[in-house]
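Have a look at the structure below before the remarks.
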C-alpha cells in the first residue's frame, strides 16, 4: 500500500464519523458536563439559580437521611426486580428454547414484543390489574387461596417491583436466550449418555453455562430499574419517591434545579460504577472458560 | 415436538398469561360501555374511542409523536450510516472509544439525559421547542440506528465493493449503487426501531416537552397523574395497536429476533 | 449370539419415514460403520441406539436384553458427538470425570481412571485445560476419553472426525483404530466419508434413503457392490450399457467393440461396472478417445469419450508411456474385475 493510500485510510474513518462525533460532543457531552456543574450551583426560592461553586446540594444529599432512604429504596426495588426477573426469566428462556420451531417463534414474539410497547400503556395495565384492594390480581390470588387478605399493590414497593419486573422481563429472557443459543445442541444428550439425570443436567451442565447470560441480563435489568421513571411514577404515586421521580419533582415542581442535578449526577455515577464494576468482574470470572 | 414436561408447560402458561394480561386488560377496558373503569361485561362499546375525538390535545400529541419519531430517526440515520461504515470498515486508534461514545445513550439513564437536555436547551434559548425535542431524540435513538446499520455493514462482503471498484465505480456512485443497497435492510430496520424508541420515550421527553410540544406518552402520563379513566385506556389501546403493526412489519421485513437480539445486549 | 442386535428398526417423523427395516447383528468387539450421504438415516439410527430417539418399530437388543426399555442415562453407551459436545465450563479432567461421578465411582479411583484415559488419548498434562483453550484435535481426544472412561458396552461415534482438517483426520483415523483394537470395545461409527469407513471398519453398512443397501467387509462392498448406489458411492466407477447376446454360441457379453464370454444365467441389456483403476489400454477393446489427462503424482487420471459414453481411467505412474490428449485408445479389463447388473434371467 502506498504512503498516500495509508494516509487516506487513516483519515477516512474520522472523516466519516466526524458529523456524528460533533453532534455527540455538542449536544451530549456538553449538556452532561453542564449538569454536573449545575449540581454545584446555588439556588434560592426567590433568587433562582446562582452560578457559584458551592457544595451545598451535595452536602444536603449526604447528610439528610431522606436522600439516603430514597436511594436505598431505589436500589432495593432494583435488586428485587432483578432477582424476580432472573428467577422467572431464566427458566422461561430455557423452556422457550426447548419448544419446537413454530411455537418457539410465536412465544418469543409474545414475550419480547412488549419490549417495544409503550411503558406508559404497560404500567397502566398493572394499575388497572392492581386497582385498589379489590383489584383483579387480589381477587385472583384470594380465590386461588394463596392469600387471605388483599395485598396492597398500588402506591407500594411490592406493586412497583411486580410492574417493573414485567417491564424488564424481556431483557432477561433475551439475555438468557442468547446464552442458550451458544450452547452445543448435543450437550444435554452428552450428559445424558454419561448417566446424568434431568436435575443434574440443569444444575451441573445448563446453569453454569447460562450464568453469564443471567448476569449480563441482571446488569441491564438492574440499571434500567434503578433509573426507571414511568412505572415508579404511576404505581408509586407522589408519595413513594425513587431517584428518577425525585429528580423530576425537583426540576419541574420545586424548581430546585441544582439539587435535582445533584441527585441525577449521583444516580449516573452510581450506575456507571456498578455496571462497569460488575462487567469487569464477570469478564474476569469467565475469561478462562468463555473467552 | 415439545421436549418440555408438564410442570414446565404449566410454568410457561402462567408466565405468558402474566406477560400478556396487563396489555390485554388495557385493550379490554378500552371497550367498556360504562363511564368508569371496568371490564366490558355488558357488551363492547366504542364510545371511549369516539371520545378521543373530543380531546384534541391527544390527537395533537399523536401527530407530534409521529413527526418527531419519523424526523429524528431519519436525522439519526444520516449521522449513523457514515459512522457505522467507519467503525465497520476501518481499524483505527480510538475506534472502540468512538463506538462506546455512540452507544453511550443506552447506558445513561434517560432521566439524566432529560435533565441535561433541559438545562442545555433552556440556556440556549430553545426550551420547550420542537427543534430541541428533535435534537434530543436524535441522540437517544442514535444507538439503535447505529447498531443495526453496523450489523449490516459488518456482515457485508467487502469483496463486492472491491469488485465494483475494479469495474470503475468510486466515491458516491459506489455508495449509492453498491454499498447502500446492500446495507438497506439494516438501515430500514434501524430506522424503524429508532422510530419506535422515539415514539415510546417518556422519561426524557417529559423534561423537555412544553404545552404544544407534548408527545403522546407525555400527554398520557400527565393525564394518568390526574386521573385514570377509560379514555386513557382507549388511547393506550390505539398506541398498542400501532406498535403491534410496526412490530409485525418489522418481523416480516427483518426478523424480530435479529432486531431484538441487537437490542438486548446492552439494553436501553 | 450377536452382541448388539437391531431387528427391523424403523423411524417415522410424521408421515416421513427416515429409517426403514434396518436389521443388523453386531459381534462383540466389532467395528461397524454406517456409511451414506447426509439424510440417509445413519445418524437417526445411531440416536435410536443411544436412546435419544425411540424407534417407531423394531427392537434393539444388547446381549439379548431389550435396550429400548432402558433410559438413555442408564444404557452405559459411550458417545462421541460430531460437535464433541464437551462441557465448556469444565476442564478436560472434569469432563472426563463427569461420567464416573454419575456412576458414583470413588474419588481416588476416579482420578486414576481419568488420568489413564487422558494418557491413552495422548493428552497427559492437559488435565486442567478448558475445552475452548484446546485445538480441534485435542477436543476430539477429550471427547473420546470421556466416552471411553466409563467402559461403555458400545462406543458410538457420530461423524467424529468431520470437523478436523485432512491431515489431522488421517492421524486420528489411525489412532482411533489402534485404541479400539487395544480396548476391544464394540464400536459403531457414523460417517459419510468412504475412506474413513473403509480404513476403520470390520464391516460397513451402506445406507441410502433410510434403507440398508449392503452390509459387508470394506473389500466386499468395494469390489462387489450390491447395487448401483453402492458402486457409485464407494469410490469412482464406470457404468457401461452392454448386451448379452445368446444367439451366438458360446453366448457373449458385448459393450461397444469390447466383448467377453457372457456370465451364465443372464440375457438382454445389462449394465457393467468397472473401477477406473481396473481398466487398461490395449490393442483391442472398447474404442475411446482421451479428452483430458491429469497428472496426480502417483497416478494418472484420464477422462475418455468411449463408445459407451464417458469413461474414467486411472493408471499407476509406473514410468511407462501414457497416451496423450486426443489419442485414440482401446479400453480393456478382465471380466472378473467387472460387475454385471440387470438383464433378464435366461
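Here the chain labels run A, B and C in written order, and each chain numbers its own residues starting at 1.
Simple rule for what comes next: a residue touches a chain if its C-beta (ideal position, glycine included) is under 8 Å from a C-beta of that chain, and two chains touch if they have at least 3 such contacts.
From a predicted model like this one, the values you see are computed outputs, not experimental measurements.
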{"item": "Chain contact graph, described as a line, ring, star, complete graph or other shape", "value": "line"}
{"item": "Chain pair that, of all pairs, has the most C-beta pairs in contact", "value": "A-B"}
{"item": "Averaged-CA centre spacing for the pair chain B and chain A, given as whole angstrom", "value": "17"}
{"item": "Chain B and chain C: spacing of chain centres that average the CA atoms, whole Å", "value": "55"}
{"item": "Sites on chain B at which at least two other chains make contact", "value": "none"}
{"item": "Residue numbers on chain A that touch chain B, as the complex places them", "value": "9-10, 12-17, 19-21, 23-24, 27-28, 30-32, 34-35, 38, 88, 91-92, 95-96, 98-100, 103, 105, 107-129, 131, 136, 163, 166, 169-171, 174-175, 178, 216-217, 220-221, 223-224, 226-230, 233-234, 243-244, 247-248, 251-252, 257, 260-261, 264-265, 267-268, 271-272, 275"}
{"item": "Residues of chain B touching chain A in the complex", "value": "1-4, 8-9, 11-12, 15-16, 18-26, 29, 37, 78-80, 82-83, 85-87, 89-90, 92, 95, 98, 101-102, 104-105, 107-112, 115-120, 123, 135-136, 138-139, 142, 196, 199-200, 202-203, 206-207, 217, 220-221, 224-225, 228, 232-233, 236, 239-240, 243-244, 246-247, 251, 256-257, 260-261, 263-268"}
{"item": "Touch list for chain C against partner chain A, complex", "value": "50-52, 72-79, 81-89, 98-99, 102-103, 130, 132-133, 146-147, 150"}
{"item": "Touching residues on chain A, where the partner in the complex is chain C", "value": "184-187, 189-197, 200, 204-205, 208-209, 288-291"}
